[in-house]
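As written, the chains take the letters A, B, C and D, and residue 1 is the first residue of each chain.
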Amino acid sequence: MIDLPNPVVVAAGCGGTGRELAALGALEGIGAFTTRSLTLNPRAGGPAPRIAETPSGLVHSTGLPGPGLEIFLATELPWLVQQGLRVVVSLSGASVAEHAEVARRLAQAPGIRALEVDLAVPDARAHGLLDVREPFHAANVVAAVVREAQDLPVLAKVRSDVLRVAESARVVTDAGASAVVVGGPQAAALPDGRPAGLSGPAVLPLALRCVGEVRAALPGVPVIGCGGISTAADARAFLDAGAVAVQVGTALLHDPTTAARIAADLAGGPS
Amino acid sequence: MIDLPNPVVVAAGCGGTGRELAALGALEGIGAFTTRSLTLNPRAGGPAPRIAETPSGLVHSTGLPGPGLEIFLATELPWLVQQGLRVVVSLSGASVAEHAEVARRLAQAPGIRALEVDLAVPDARAHGLLDVREPFHAANVVAAVVREAQDLPVLAKVRSDVLRVAESARVVTDAGASAVVVGGPQAAALPDGRPAGLSGPAVLPLALRCVGEVRAALPGVPVIGCGGISTAADARAFLDAGAVAVQVGTALLHDPTTAARIAADLAGGPS
Amino acid sequence: MKAPLHTTGEVLSSKRVGAYQHLTVVAPGVAERFRPGTFVAVSVDGTRLARRALWIHGVRAVGGHGPALQLVVEPVGPGTRWLAERPVGARLELTGPLGRAFALPKEPVATLLVGEGYAAAPLFPLAERLRERGCQVNLLLAAPDERHLLSALEARRSARAVTVVTADGSVGRRGSVADVVAGVLAQAAAEVVYAAGPVPTLHAVAAVAEQAGAWSQTAVEQPLTCGTGLCHGCPLPVVGEDGVARVVRACTEGPVVRGDRVRWAELAGTRPGAGGPA
Amino acid sequence: MKAPLHTTGEVLSSKRVGAYQHLTVVAPGVAERFRPGTFVAVSVDGTRLARRALWIHGVRAVGGHGPALQLVVEPVGPGTRWLAERPVGARLELTGPLGRAFALPKEPVATLLVGEGYAAAPLFPLAERLRERGCQVNLLLAAPDERHLLSALEARRSARAVTVVTADGSVGRRGSVADVVAGVLAQAAAEVVYAAGPVPTLHAVAAVAEQAGAWSQTAVEQPLTCGTGLCHGCPLPVVGEDGVARVVRACTEGPVVRGDRVRWAELAGTRPGAGGPA
């Protein structure tokens, strides 16, 4: 896995292009920055409304809007690398071949520390993406990405339902993933019934349980925990449960300085 | 299914013996009262701490404390019936035989409107109960209960993870359940790692999604929705999603008058 | 016993005294139903579903409002801090009075009231009722330090004899309830002992009372989720009158229970009440 | 452009005027960075994670505090009601100023400013800047009724000519912006039009401006989750300078965009801004 100076990582899809957080001084001291999940071609994203508020949570179905690989490599990545950030590039796609192609081209780009494969999209089909939540498909995609990733470590962000999370983690590490990200969005629905993901503090106990399941089943596999983390105490609960690092997502939408604050607190601020 | 004057039902295990809510006038106008899940013999319940607070949720592992069937029939049921309440008796057990035996004796007791089988206990094994979350086991238990229940309708409270909820609902109705209760606790963990259930507004979007899955897969099966309902608007969201009734649980612990208030609002209060 | 109410109260005043925030809250109907040893369950900010239990410290007539509740809050966590910060005029969702009150002796006997930290709160109105019945009231007040000593001045008014112990010796004797309770009990020749405070303190008081042949009534604090008897989140291991070990709900079958009925050793693992010495 | 800040502000005053609550909030650094057309994203009570966007209505020096933000809140939902109820002294977590401001003309041209409901808020400080540059300022203010008409008195001071329309005719002409904007624009001989209000109003203004050969700058409100460009929850369909259709973030590439660049028809399905006629 990658070597992190601090265990607090910005979660995929919640840190914009990086520039927005940097303008607020909100990337200071963080361990790594994960990009939104990139696809080969630009994507406009799904229809509005994309996000709804629920108690202590957000239900979201953004449809992975993004610039596509070309523009990302030309305009976003160099800036991130220049800032001295440890960059993890998340990727997604409509086919195994697209995942592989994106991985191949990212492996040639300078400055990337790791790839992360998004295997947890609860609304993949609605947005024309490959639904790789089933462990079998997840392993296939991971194997294809690992083959192209050369020396880059590959993180597999697995579906986080208690029932399948340990099995998912096992098959993706068998397929070559260096670590698993556990605690992504829970399958939920937008108020109008469209499939969507639930994130935020509401899901923390579910995510923590998932981390526990994976740690118990696969003690040798590094786990990056996420799901509802918004304080240093939350982060510590995941680290205490055996996670090697944590990702902060939704909390950034509410307070963009959250990750930097937690990173500072863990680095020796008041406990 | 039972005929309800109002679609708002007190959820199992969240209404005490009924007397505590009655003392607050908080059973007025409700559609039905569900008891905590009864077992054949008295149960002391699990060790403390049993409940922890999470953002907009409660994580709980009470271990089904209860008086056992004998004392329930002698002291709790007659009072509930006398109040003119529609009583749904929830049941659980350590074996299929115990479920059947409890059902047999309840079927002979006067005044009960329906039985509800708790198939959703996320911490069953920790408390020496039969883990009947797997659809196969759930169907077995429901079939045994239906056999003994005589004319009483049997409601099956199924595990509520998006992945298995529709399958669970299908097998239990095949086994003879008259309706399914969808949206019980989500599998989570207490802060010390013990398995537990997550309930309350935090899980509402997950429960609503589960109701949607069951309605889509089994349009003919009556669904009673629950999970995080604390306002009339929440209840309406479940009714709009196709539920015939709703259960209110955790919200009663925070404000014991919630069910009565929602019942009044739905019965023609301000919308 | 009159039924409790669920209602919206209003903060009439809030003032800091030592380590505690004293709130006066109008909550129509609740004050009228109050008996010493009962508590209110209060809702705090939006994300927190568990309710916060507070002893009713007393009932005070407030001009234009009728009787109002007096509450004592020690800000130790998010909920109690939130409560301590409520401005005058703020609304509070609350349910009460809840739980079993202290049982009063039928005869005018000598009594000892032992209170530690904020938990001494229900003993003051209890002292009043006892004096009304002709009981002699002796008070033993304990706290980690002077700031955590509840209403020591008021105490002199309500009791015949007042003993104060603090862990740091800043007022009264240096020491704990366990150190002094046997002596105080003997000197008072008390036949009934009432105690409120952290579990280890109650345990010590109950043991000393039993040795001395006195009745004890202990007000036991256990983490409460609902406070209203609905959730079974507050297990209290006791021995019933029939000698059978049982687990009851601390909020509904308690908080006040006979000291000789609690299986104290099994409570040791649970979280001690805030406000006691660390 | 100076970077925004995330900070804790404090409510210095809160007063009701008609349908709106006017808040003055000190937020060190934010006021200094303000340009008309930018907004702040405010956090509301504990369970709600989405932030609430508010236009900056102006910046006012407050003795002993430095420049403070003036905000106008229409209490329409849980978040805006919560904000309208904040007492003086309350703290507010906020981020700002956010978004692209109104672009100012390089030449001293005639301008028309069209505002509906609370959304007229950013037009007042804009009028000031325009006058400083020698631009002629004409104002068209609209609202459902008098209570929702923002600062009509102040308007007379900041503009050469002020036209008022209300849906119920309670002040000014009866009607809507769409009814009168072409006439007002012609009369003012405006070369640049600035507009803020519900989507249908902006659409009408942009269309009329285009017909008249004027530039338009529209301040578009879309439901914002973060307001800071992180979540992509605020899709705004536009046509880029290269003629290619794109979806941009309303909070970051907006809220102010050229009226002729927005694909208005595709916005129709999304929720109209509050404050407009129903």
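The rule we apply is simple: contacts are C-beta pairs under 8 Å (C-beta built on N, C-alpha and C of every residue); 3 or more make two chains touch, one makes a residue touch a chain.
As the structure is a computational prediction, the values presented were derived from the model and not from experiment.
**Q** Looking only at C-beta pairs in contact, point me to the busier pair out of A-C and A-D.
**A** A-D
**Q** Farthest chain from chain B, going by the mean of C-alpha atoms per chain?
**A** If we average the C-alpha coordinates per chain, D ends up farthest from chain B.
**Q** Between chain A and chain C, what's the gap in Å when you average each chain's C-alpha atoms?
**A** Their C-alpha centroids are separated by 49 Å.
**Q** I'd like to verify one number: the distance from the centre of chain B to the centre of chain C, where each centre is the average of its C-alpha atoms, in whole angstrom.
**A** 35
**Q** Could you check chain D for residues that touch two or more other chains and list them?
**A** Where chain D meets two or more other chains at a single residue, that happens at 46-48.
**Q** Would you please write down the residue numbers of chain A that are in contact with two or more other chains?
**A** 55-57, 200-201
**Q** How about chain B: which of its residues touch chain A in the complex?
**A** On the chain B side, the touching residues are 54-57, 59, 161-164, 186-189, 191, 193, 195-196, 198, 200-206, 208-209, 212, 228, 237, 241.
**Q** What part of chain A is in contact with chain C in the complex they form?
**A** Residue list for chain A touching chain C: 55-56, 201.
**Q** Please name which positions on chain D make contact with chain C in the complex.
**A** 45-48, 87
**Q** State the interface residues of chain B toward chain C in the complex, per the touch definition above.
**A** 13-17, 20-21, 23-26, 36, 44-45, 47-51, 53, 55-58, 60, 62, 65, 200-201, 250, 252-257
**Q** What residues on chain C touch chain B, complex-wise?
**A** Checking each residue of chain C against chain B gives 3-6, 43, 46-51, 93, 95, 222-223, 225-226, 228-235, 246-247, 252, 269-271.
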